[in-house]
Every structure is written in C-alpha cells, then in structure tokens.
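Let me begin by handing over the structure; questions about it come next.
As written, the chain order gives the labels A, B, C and D, with residue 1 at the start of each chain.
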Amino acid sequence: MNVLIGHYNYWIVIFLMMAGLYVVIAQGNLVKKIVGLNIFQASVFILFISMGKVEGGTAPIVTQGVSLYSNPLPHVLILTAIVVGVATTALALALVVRINEAYCSVEEDEIHQQDQSF
Amino acid sequence: MITQHLPILQVIIPLLTAPVCLLVQDRRFAWGVSLAASWTAFLIAALLLDQTLEQGVISYELGGWSTPWGIEYRVDTVNAFVLLIVTAISSAVLLFAQRSVAREILSTRIPLFYTTFMLCLAGLLGIAVTGDVFNLFVFMEISALSSYTLIALSEQRRALTAAYQYLFMGTIGATFILIGIGLLYMMTGTLNMQDLSQRLPAVTATRTVETAFAFLTVGISIKLALVPLHLWLPNAYAYAPSVVSAFIAATATKVAFYVLLRFMFTIFGASFAFKSMPLSFIFMALALAAVFAGSTAAIFQDNIKRLLAYSSIAQIGYMILGISFASVTGLTAAILHLFNHALMKGALFLSLGCVVYRLGMANMEQMRGLGRLMPWTMAAFVIGGLSLIGVPLTVGFISKWYLVVGALERGWWPLAVAVLVASLLSLVYVWRIVEAAYFQPPSPVRAGEIREAPRSMLLPTWALIIANLYFGIDTSLTVGVASQAARQLLGVSE
Amino acid sequence: MIRLRNLFAVVMLFGIYSFLTASLFVTLNAVDVAFTEAAVGAGISTFLMLSTLALTVRREKVRRKRTVIPLLVVTIIGATLVYGTFDMPYFSDPSAPLHSHVARHYIEASADEVGVPNLVTAVLASYRGYDTLGEVTVIFTAGIGVLVLLGYRKRSGKS
Amino acid sequence: MRPPIQPHNLVLRISAKMLIPPILMFALYVLFHGETGPGGGFQAGVIFAAAIVLYALVFGIGLARAVATERLLRVLASLGMLLYVGVGLASLFAGANFLDYDVLAQERLEGQHLGIFLTELSIGMTVSAVMMIIFFAFAERGVRR
C-alpha cells in the first residue's frame, strides 16, 4: 500500500510521458510530432519537479521562521531544460515551415514519396 | 598563471567567437577569426594533453565553488585525447571551408555558417571537458541544435528533411539522457561525475539505478547512431554541405562515443556495467550487426557521401566491439579507433568536398575518370580508403590490429575472423570507387572542364592523409595515450 | 488528440496542457519554474505553433497508420520506467538522499556564500552559473538557426 | 500571418497603447526582482519581447521593425552573450576562476550581487532579442508569401 501511495504520482507522469512519445513515434504529421515532443518533455519536467517536492516545505525563497524548503536544484535544472526545449521547438517549427515550402506538405509519408520518386 | 585556466579557455574561446562573427557580418573576417580560434583551441588541447600525461588529472572549479556544489571541469587522458582530435579536425576543416563554403552556401548566410560552426565546436568541446552530468546535457544540446542548423544550411531540399529527422531522434535521445540524469540525481543527490562514482556503489543494487543506466545507454546510442538507432545518420551526412559532413562525421559521433565511455566506466564503473548488466553480450551483438549491416548497405550506395555515412555506421560498430571486450586491449582498440576513424573520415569527406567543389555533386557517375582529371584529390581518397579497409602502414590497420588482438586475448577467435571478413566488405565498396575513378573513361562532355581542386583545399585534405600515414607507422603517441586512457577508465594501475 | 484532425485544436489543447503543468508546478512549490513554463509552454511554444500553422496547413490529412509497433515500443519504455520507480524514495519524503547532499548545502550555506534570498536564483546564477551560460548559448543558437532557415529569403530570391 | 488589424480598430489600439508600457515596466521589475522573488532574466526577456510582439500585431510589423531592426536585434543578442562571457573573463583577470563573482567587488557578497545582476541582465538581453528575431522571422515569412 505504501508503494502505491508513495509512487502513484510517478506512474501518472510516466503515463503522460509515454503518451507524448507515442505521438512522436506514431504520427505522420510533422506539427503533431512537435506537439508530442513537447508533451513528452513537459512530462519529464514534472518528473523532476515532483522529485524536488518536500513534505511540509515551502517554495525555495528564504523567509524568516521557515526552515524546510523544497529542493531548489531540480528547479534550476528544469529551468534550463525548459529553455533548451523551447529552443528545440523553435528550430523544429522553422524547419517545418521550410519543408512545407519545399514539398508543399507536412505529412511524413508524402514527403518520403516525393523523395523516392525524385 | 594562464596555464591553470586552460580547461575553460578551451571552450570559451570558440564560444566567444560565435557572437563576434554575428556582430561583424563579414565573410572574410568571420573565417579568419574562426580559424584563429580553432587553432588556438588546438594548441590548448595539445597543452592539456601534455599536462595530463605529466601531472595526471586536471580539475578546474567553475565559479570557484568547491567540487560537489559547483560545476567542475575535469580533464584526464581520455578527454584530453578527444579534445585534441576534435580541435585538430575543426582546424583542418576550417582551413578547407573558405572556398568550399563559398560554392555550397548562399553568400548572405556565410557569416551565420561560421557562427553556427563555432557554436557546434564549443558544444562538442564542452561535452568532452566537463565533469558534471547536467552540464554535459546542456552542451550536448548546444552542439545538437547547431548541427541541425549546419545540415539545413545546404541548398538541397532533402537536407531539410534530414535535419528534421536528426532533430527528432536527437531530441528523443537527449530527453532519455535527461531522464537518466534525473534518476541518478534522485538516488544520489549529486550531479558531479566524480561524486556520483563514489556515491553510486551504495545504491547500485536498486532498480532505479538499473533503469537510469538503461535510459542513458539508449539515449547515448541514439546520439552515437548505433544500429538499430542509426536511421538519422545516412541522410544527415549525405545532404549536408561538404564541410559540415566532414566535421560532423569526424567529431559528433566520436564525442558521443566518449560520453558512453565516460558514463559506463567512470560513473557506473566497469564492474556494474558488465557484471550486473548483460551488456557485453548485447553490445557485441549490436556491434556485429552494425559492422555487417553498415558495410553491406555501403556497397549498394550510389551517392558517395551516403556510402561513407554507412561505412561510418560500420566503424561505430568496431568501436562498440572494442568496449564489449571489457578489457584493457579492447578499450585501447576502441579509443584508438575513435582517433583513427576521425582522421580517416575527415580526410575522405574533405576529398569528396574537393570533388563536389568542381563537379557540384558526388555520385558514382561523377567519379568516372576522375583519377586522371583530379589526381591529387583522388590519390587522397584512395589512401583514405585503404586506411578504411585497414591496410598496413595506415591508421586503420593499427586499430583493427588491436581489435583482433583483444578478441584473441579473450579467446573469441570467431570475432577476430568477423573483423577480417568485414574488412573485405569495406574493400568491396572502396574498390567500386577506385574502379570508377581509374578504370573508366570520363564522360567526354566534361573532360576538358574539370581541373584539380584549389590548393587551399588540397592542403588540409593532405594534412589529414599524412596524419593517417604517420600515425599508421609511428604509433608511440596514439597507442601510448590510448592504452593509458583505457587503464584510467578501467581503474587499472599502470 | 491522436485522432483529432484539426491541428488548430491540437495546438490549443497543448497550450492548455502547458498551463495546467504550470499550475501543477505552483502546487509543487516550484514558483520560478511555473512562471517560466507558463511563459514558454503556454506562451511562446503555443504562439510559434500557431504561426507555423498559419504558414502551413490547418488540417491533417486522413490516412492509415501503423500503430502496433509504436505502441509496443512505448509500452516497453513505460514498463522499464515503472520498474525503476519501485526503488525510488517515496514522493515528498524529506529524508530522501537527493535532499540531503548538495541541496542541503545550498539551503544552509547560500545565505552566507551568495546572500540572495531566492535559492533558485542563487543556484542558477552563481553555483551553477556556467550552466546558465550554456542556456543562453542554446537560445542564441536557436535564434541563429531560425535566422538561417527563415531569414534572407528576399535577397536569395533575386540572386 | 494575418494582416495587421485595421487602423480604425480603436479599442484595440487604445488598449494596446495602455497595456504596453506596464508590460515593459513589469519586465524590468521581474528582471531586477529575481533575487528576492520568482523571476529572473529569462522570464523578463520573454515578457519584454511579448510587449514588442503585441505592438507589432496591433500596429503592424513595419512600424515595429522601425524600432527593432534586424541589425539591432542581432547586436543585442550578441552583446548579451558577450556580456555573460565578459563577466566570467573579468573574474579570470581578477585572479580567480571563471565566473567567480566573489572578486568582482570589495566585499564578497557585493561581488555576488553584482555578478548575478550582470548575468541576469545579459540573459534578459539575449532572450528578448532572440525571441523577437524568431517572431519576426516567422511573421515576415508570412507577409512575403
């Protein structure tokens, strides 16, 4: 029972993560793949942040009379990771715009077909 | 005083060049500054290697914070060797770049090319030099994002889809690595590699650490293009501009391989990686699959860049095979091949760059009769090809020799045979090009127009070819460093 | 979302997901991260995706897809992760190892060493300031990448 | 991208005019307040860029480009990075390790404050500039088609 209560949040996060990854792998639409990638990454962020949570702690900003804080390190890592994520997204979307101009399509299999016939 | 800051200067000098190139927006200036920065970085790498050989491990605490609290740069023989090869390749490639880039990239984008190139270099060096796992992730993303951009700089539209495919695989790989790092942090409370290696043994029996190990291995394997996660690689190499193919083929997968070594041996430790996990067997199977699938696929390629890309997949297999022996000789072979393969592929892609410079593309069709039209270029290509096969007096022979010795040491003679058979496969695909270049007449239409490539491009190509021959004859430096690096990784005293 | 053909709706749902994530971060006491996720996930990313849709297409084409293999892959990866959770410290357990080593040093010593009340800022800008330089570089790289891909079109069209 | 909203759309124009200055002020507040509360250079940069983007959407990209020229944005993005590296090199020249803020001022904590302030500022510069670069790149791609 303890295992269930102690870990259920991680399982939810894993489910979200895998939903995102599934969209990335299974979908053929390039925009949808990017959305999936973002969901995958956002869920990894939740995993990190939930491991930083401390029972009874407050936000990691030093205040008088408080001694228990959440772990600030995962927060810092995820701040950096979010920035990395948005940088990747911007680049991926720019690529999609260019691909659409070159192939007039954002469907993976249509692009593949055009490459083969060419 | 300056010598103690060498580890950070190694990364900061290329990093600083990037915004400067963007500010000035001048082609010649950007090229000059990048070249100077790259050569400086090469010099620094040589000094660092010298220091590590003499004094042992160099540690540099960024921000002055003592080790587990801040980020540490940590240079030992292994990464000093990697730094040396990466900066050497970038210096040669940049020398080559001026003419080649002018032909293959739109002139307005050229300053941006140098900016991105320097960012990529800084990212790769940052990965190699750091002693902190999260810092490694950040620099991995710098180098990854800039490689996607570099590939997309090409004028061919297929470069766009290649970059896109690479972006997806690369990002999934990076996210896997991030998950692995998170799980490790969860169990140990630290991100410093040295600190991790001390704190991990207490918790290695847990399922969480096993999962972390699995995620890190898979994530790095994607970056490394290990079969069956290699699908991004052939297109990325084939459709990128020539300089970019040469640079990325010779460095990016090598640095990823270094990361694998670092995680497996320094952080987890050889005993965990090979005793608790059935890794030796898995790696051997994947390595053989990579060697044979890569070489066979290479035989059937028409686009020569693509051919070399498949051959790279096979060569990655050799390196992984070296790891799977989990012995000093095996690791020595792997590290040697890391260095030697960078030299070979750098030289081969540069000589192809010369062909593309004159002919616009490099398919089997274009190679016909080139032996007479571009003698120096094709001679370089042939020597590089011999090195790829593993003919004596070239570097390729040295690394295969150690690989075979490592296999025999273990008593796994079928593996030694497999390595030799695979060499025959590479003989086939190299021969196809040699045959086209020397035994077929050039198509009469262009015979008059094709001249030898300009000297500024032949010079760096031949510099790498000469390195291929030199290190194939005088092995004291490479083998000495590689075996010391292997001992350091395995924790065997000298 | 997988079945949804209207890409506009897909992107809006993603924006909502990001916003919910940000609110979740607030309840997990990660205010800085929540702020950033709201600005980035629900803001920039969604905005950029909408811009891309405006430049490309709004609807996905209907076609058959193979779903068995991806499902299998995802299930295996998910199962591995679930396997890994069993030895994890319990959620929000203050005695977990990750709260005791480096993080404790930050909480206890940063007032004397950095002197900034916001611990996240102290770690981000000072203890791990070099990572943040890397972060700036990543953003810079993305800017260059977008310039390479989408800038310069007019001039190149003429030449 | 959609064409800019018609000039006679009074409500939008007036409300945008009223909103943009407070947004810019808020960005600065977030930037300087990062030491004591949530926020910092990255968030500030994003908010600052958002204000300019709002201006461009309501009053047209051409007008916004008159201020945020391509050249200016590139300079801003590069300067941000150079400033960050410069802070690191300053501590190098002061005899300490890279990015060691302790030596930037007489007092140790003062040095830390200065270092954090300068780095947050440089993050804000680069992030806002890059966000605008990305926005304009996407937006102008649409206009040209």
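Things to note:
The working rule: a residue touches a chain if its C-beta (ideal position, glycine included) is under 8 Å from a C-beta of that chain, and two chains touch if they have at least 3 such contacts.
These numbers were taken from a predicted model, which means no experiment stands behind them.
Common neighbours of chain B and chain C under the contact rule above are A, D. Looking at B-D alongside C-D, one finds more C-beta pairs in contact between the chains of C-D.
Between the CA-based centres of chain B and chain D the separation comes to 36 Å, rounded to the whole angstrom. Per-chain CA centroids place chain C at a distance of 20 Å from chain D. Centre-to-centre spacing of chain A and chain B amounts to 28 Å, using the average Cα coordinate of each chain. Centre to centre, using the average C-alpha position, chain A and chain D are separated by 25 Å. Annotation for chain A: residues 21, 51, 59, 61, 73-74, 79-80, 83-84, 87-88, 90-91, 93-98 touch two or more other chains. Among the residues of chain D, those touching two or more other chains are numbered 36-38, 42, 77, 81, 85, 88, 98-99, 101, 134, 137-138, 141. The multi-chain contact residues of chain C, meaning those touching 2 or more other chains, are 31-32, 36, 40, 44, 48, 51-52, 55, 81, 85-86, 88-89, 96, 98-99, 102-103, 106, 117-118, 120, 122, 124, 126, 128-132, 134-135, 137-142, 145-147, 149-150. Interface residues of chain D, counted against chain A in their complex, comprise 36-38, 42, 134, 137-138, 141. The touching residues of chain A, when paired with chain C in their complex, are 2-3, 5-11, 14-15, 17-18, 21-23, 25-29, 31-32, 34-35, 38-39, 42, 45-46, 49-63, 68-76, 78-80, 82-91, 93-98, 100, 106-107, 109-110.
Across the interface of their complex, chain B is touched by residues 21, 24, 30, 33, 37, 40-41, 44, 47-48, 51, 73-74, 77, 80-81, 84, 87-88, 91-92, 95-96, 98-99, 102-103, 111, 115 of chain A.
Interface of chain B with chain C (complex): residues 15, 18-19, 22, 62-63, 65, 68-71, 106-109, 112, 115-116, 119, 122-123, 126, 134-135, 138-139, 141-142, 145-146, 148-149, 152-153, 179, 183, 185-191, 199, 203, 206-212, 214-215. Against chain B, in their complex, chain C makes its touches with residues 80-81, 83-89, 96-103, 105-106, 126-131, 134-135, 137-138, 140-142, 144-145, 147-149, 152, 155-156, 159.
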